[in-house]
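I'd like to ask some things about the structure below.
Read from first to last, the chains carry the letters A, B, C and D; within each, the first residue is number 1.
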Amino acid sequence: MAKITIRGYHLDAYQHVNNARYLEFLEEARWQYFDNISREAYDEMGFAFIIVNINIDYRSSATLGDVINVNTEVAKIGSTSMTFNQKIVLEGTNQVICEAAITFVILNQQTGKPFKIDGELKSLLLKEISK
Amino acid sequence: MAKITIRGYHLDAYQHVNNARYLEFLEEARWQYFDNISREAYDEMGFAFIIVNINIDYRSSATLGDVINVNTEVAKIGSTSMTFNQKIVLEGTNQVICEAAITFVILNQQTGKPFKIDGELKSLLLKEISK
Amino acid sequence: MAKITIRGYHLDAYQHVNNARYLEFLEEARWQYFDNISREAYDEMGFAFIIVNINIDYRSSATLGDVINVNTEVAKIGSTSMTFNQKIVLEGTNQVICEAAITFVILNQQTGKPFKIDGELKSLLLKEISK
Amino acid sequence: MAKITIRGYHLDAYQHVNNARYLEFLEEARWQYFDNISREAYDEMGFAFIIVNINIDYRSSATLGDVINVNTEVAKIGSTSMTFNQKIVLEGTNQVICEAAITFVILNQQTGKPFKIDGELKSLLLKEISK
């Protein structure tokens, strides 16, 4: 779970976090989710996480000084794609700020083709093993 | 139609435009769509365009030096919400880079309630009149 | 001292952190420096920290997976301005990534004039007291 | 000269353009300055423009709807470095928003060493020739 404090540079003209910035918050949380994959493993395996769809509901707004928690969980694993559900909640409350489904494939940078998500790779993505 | 040239600062570790940056490109195009609404009208009417959902398909990637066109059209007008379809295409080709449906309400900043979208406001949003 | 892990979305076409992004890292560290000033105190006192100069040396580059530390210290307090020296260092090493002097005034948002930096305000900025 | 219209997503909590965002505006104008260098020439020659110092004065603030012009001129060419002066002015006025000196070297990505800036390269950078 990523924890982020909202600062002045996150806000836009409406004094709330800009819609694009939330996608950086979600990406940050996904990097943290994958902290079991070492930098060397990324490079060696030639992983490229390529997003194919984001469907995000903005439910309430976050503003200066708010502390938010970004939760990330696996929603679905297909043969070559994976979907996360991510939810941003105002810390210490049940107030949902936004919810998103993020679908991506993992390209093999050497071949340009998506990896099949099964076996050891699937276990790695589910964090059942660390590399 | 907004036209943007992809620069080094738009790219991320994969050498393509980052997923969050596209939302700024889409926002830029929406501001251009609404260029018929003067700054004074925004202030006077207390408009706040609040996004409630973005559903975006990333179909192919844009990289350094690419020129992209962002097309914006009204997909739907509800009683208090409006949906745009926006499509980003590589200039001079039919290659779709991404497609998004953006749904928003227009809050009245004085009351905190959404405006009903009908009459003169609806015509303004459809660009049938300029303010 | 702020601690930041470099992610894919921080990088640009050269596979290192983009020059503009470092200014967000420095701003993040300054917000953390001022964590003794409560949100209520900001609002009540009408503080606006307005930057007048940034002089930044980029000494080496940070890339994917690097962990950086951002150190912030007061370099100078003038009658109405204040200068921080901020240094970004690769964690666990002496390698300096960048160094910057940041000079700002604190505008009174009610009057639009800079506050004189003395007495209680000066102690607050030097973190000798918390609000 | 780059021309940019200030949008809601450029602003921060103070309702003016954030200090970091100006560095993107300046970078945009430098890419436009170098529009005489083709993408192929960049790749073939292995150019990497690496910034070593930015010294920026923020003189007044830009806000929603403002149109700004970013002027870029060569201030100095050293043996391996180059300095631009860049000035952002509110369109149709003499009001300076910010001024910056940007110093960079051009690394040869094949060797990791800076190019000597003379002869044909110098003429290219001064835009006396196009590639």
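Please note the rule applied: contacts are C-beta pairs under 8 Å (C-beta built on N, C-alpha and C of every residue); 3 or more make two chains touch, one makes a residue touch a chain.
Here the structure is a predicted model, which means the values were calculated and not measured.
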Chain separated most widely from chain B, comparing mean CA positions: C
Centre-of-Cα separation between chain C and chain B, whole angstrom: 33
Chain A and chain B: spacing of chain centres that average the CA atoms, whole Å: 23
For chain A paired with chain C, centre-to-centre distance based on mean C-alpha positions, whole Å: 27
Junction residues of chain D - those touching two or more other chains: 7-9, 14, 18, 20, 24, 27, 64
Chain-level touch network, classified as line, ring, star, complete or other: complete
Touching residues on chain D, where the partner in the complex is chain A: 7-15, 18, 20, 64
Chain C residues touching chain D - in the complex, by the definition given at the top: 14, 18-21, 23-24, 27, 48, 50-59, 61
Residue ranges of chain B touching chain D (in the complex, touch as defined): 5, 7-9, 24, 27-28, 31, 39, 64-65
